[in-house]
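These notes open a run of structures that come right after.
After this come two complexes, each holding chain A, first together with chain B and then together with chain C.
So, the complex of A and B:
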């Protein structure tokens, strides 16, 4: 099968958009001093293989994209995807050690943005972003299933704490509580535990019926459109229900 | 986590000292909560409130290592699993060195990664959230207790 065509125009646009003073300075002033190397767990876990040095990962991705003015082959992009998604978790630990304050993770995130535009984000992340866009949560849980799970957990925890309720879409509550879709799907007990603690603390809280998933896998994929949408769903829920604060489950 | 910290600090939830966890427990600083979120001291306040033998990993706080499953690494899918386990060795070693058999972590992503690491590296650890532990160590006022306990 022939390799897909690289959308060079899109890469060029993206590179031009990103090339503010910060990225320009970072790419130029990195002295390759290697202070970042020992901070990276990928580097440490692979017997200090230089391929995992954070500065080198940038060299092989963003720096290369700029040097080649975005005119790269599909094979080169695939190699970059392997690094940006598979050799870095964007943990930001190396940023703490850089004497110039270069934030490698921000640059890796920029690379992910470019790769995602070419359809090279790993499928799991693309699917999650698609789900979030279409259903408001990364696991495509229906509103019906969400409400059902909350009711079930309410019944379970009411036995231990009489009077406990799991409110959904209660306008005027003090606090909005949002969580990880994984809790609803795989760890429903997490909902009961949180509800018990919020009740014991006397919190006046509510779940929203839309915008309850606080995760943002689109951000990790590099999809800015869905990233903004995911965050806005939570923001909109807070505005709609007129809460004063948001508590996340992490 | 900020909320749980405030509940206990302000006495909205009271801890029963007799119920505190006795076994050695360590804490995983998630990148987005500690390094990027700045909540590392709040976590230690909670750990010391709930556990008698809290043992920090080294390094810790904002310098802690990523669990090895962050940045979307877990949801990327099974084709990345082997690499995720290889690079997670640093975290597995960190946990083993504490001698703790329980790891508390507020992040659901770290939670899944640590459970995978425990199986891969035979760590024999139990991974728990703050919200799982708090109801086991709190001292509830009578009106919030279940009816049968109230009678005692």
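So, the complex of A and C:
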């Protein structure tokens, strides 16, 4: 099978866009001192295999992209995807170990953005981002299904807590409750349990009918457009319903 | 030759060093303001200073404590590297002759020892690059070149001071290598002598002001 063509123009644009003062300084002054090695649990968990040390991960990805001015092969990009998605969780611990405070995770996230633009983000993350963009939640649950599930859980809780309601899109409520789409799809009893707690606590709360999924898998994929969209759905719901605070599950 | 390296060449080297660094720091600042606004929306002088000071103190950070030998070596290296040329007797004599100013100076026997410390620690840093797998994997010829550029003024200065064979040759070589180092600073990673403060201020604020986490 022939390898897909690399969109070099797009990579060049991203690289130029990303090159602010931080990346410029960080990429230049990294002294390759290896203080960062011991901060990385990938490195420690692989019996100190040097290929997992943070500075090397940057050297193999973002640094390489700048040195080659974005002119890389598909094979090289695939290797970078293995590193950016597979060998780093972007936990930022290495930036606490670095004498210059170089934020490796931010650079890895930038690499993910570039790879995502080439369609190289892991399939699961790409699908979730697509769903979030199209339906407002990562699991493509329809508004009808969401409302149904809430009604069902309301009925289920009736015996234990008479009078319990699961309000949806109640304008002027005090609190907006948002959750993980997984709970709606696979663990609906989580909704009932959260509703019981909120009811027992006497909270004036509501779900929104759109923007109730607070997960942001697009962020992990490196898809900035959907990442912003997903966060904005929750933000817009809070504005629309004039709530004072947002509670998230998990 | 001596006239050239101590005359126009010296002016050029110091000019490139000071001007180059000024241009670099200012342009990075403006580039950051234009493209990395995130750096400024949580900037804090308090967290910046804490982050800088902690990292200027030996064993001030967790990572320094985890690698004690390396920490001792790098601190000895950096301290001697800065102190020796500035407070060296012969450098201050030249300053006195030319401009009529001079600083407090180190006894010559002390500056001799500090010079040896620089040379020994550079050798250690080079050996460390070869010996440790995690350092070796990120090391390239460029890293050794920068170590050589930094060490050369000290090696040649040591040889000149002790008048090994051809004094005139070592002296000119010493002055020239010092000038090469000054010129290299704004264009290489050696610029960290100034950028250290900027990047540390950023991460100190980013972690501290934004989420109350210490970066040391």
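Following the convention adopted for this analysis, the second predicted complex is superposed on the first by the 250 of 250 C-alpha atoms of A that agree within 3 Å, B and C clash if a C-alpha of one lies under 4 Å from a C-alpha of the other, contacts with A are read in each partner's own complex, and residues count from 1 in each chain.
Rule of thumb we're sticking to: a contact is a pair of C-beta atoms (placed from the backbone, for glycine too) under 8 Å apart; a residue touches a chain by one contact, two chains touch by 3 or more.
All values reported here derive from a predicted model rather than from experimental measurement.
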| item | value |
| --- | --- |
| Combined model on chain A: chain C and chain B, fit or clash | fit |
| Touching partner for A:53 - first (chain B), second (chain C), both, neither | second |
| Touching partner for A:103 - first (chain B), second (chain C), both, neither | second |
| Touched partner set for A:37, first chain B, second chain C, both or neither | second |
| Chain B versus chain C as contact partner of A:61, first or second or both or neither | neither |
| First, second, both or neither for A:26, with chain B first and chain C second | second |
| First, second, both or neither for A:247, with chain B first and chain C second | first |
| First (chain B), second (chain C), both or neither touched by A:162 | first |
| For chain A as apex, the angle formed with chain B and chain C - C-alpha centres, to the nearest 10 degrees | 100 |
| Shortest CA-CA distance between chain B and chain C [superposed frame, angstrom] | 5 |
| Chain B and chain C contact sites that coincide on chain A, given as residue numbers | 92, 96 |
| Chain A - residues contacting chain C, complex | 19-22, 24-26, 28-39, 43, 48, 50-51, 53, 55-56, 59, 92, 95-103 |
| Chain A-facing residues of chain C, complex | 28-29, 31-36, 39, 51, 55, 61-64, 66-67, 70, 74, 129, 132-139, 143, 188-189, 191-192, 195-196, 198-200, 202-204, 206-207, 213-216 |
| Chain A-touching residues of chain B, taken from the complex the two chains share | 1-4, 7, 12-13, 30-33, 35-36, 62-63, 65-66, 68-73, 75-77, 79-80, 83, 86-91, 106-108, 112, 129, 131-132, 134-135, 138, 140, 144, 146-147 |
| Contact footprint of chain B on chain A as seen in their complex | 41-42, 44-46, 85-86, 88-93, 96, 122-125, 128, 138, 159-162, 180, 182-183, 187, 189-190, 193-194, 196-197, 199-203, 217, 220-221, 247, 249-250 |
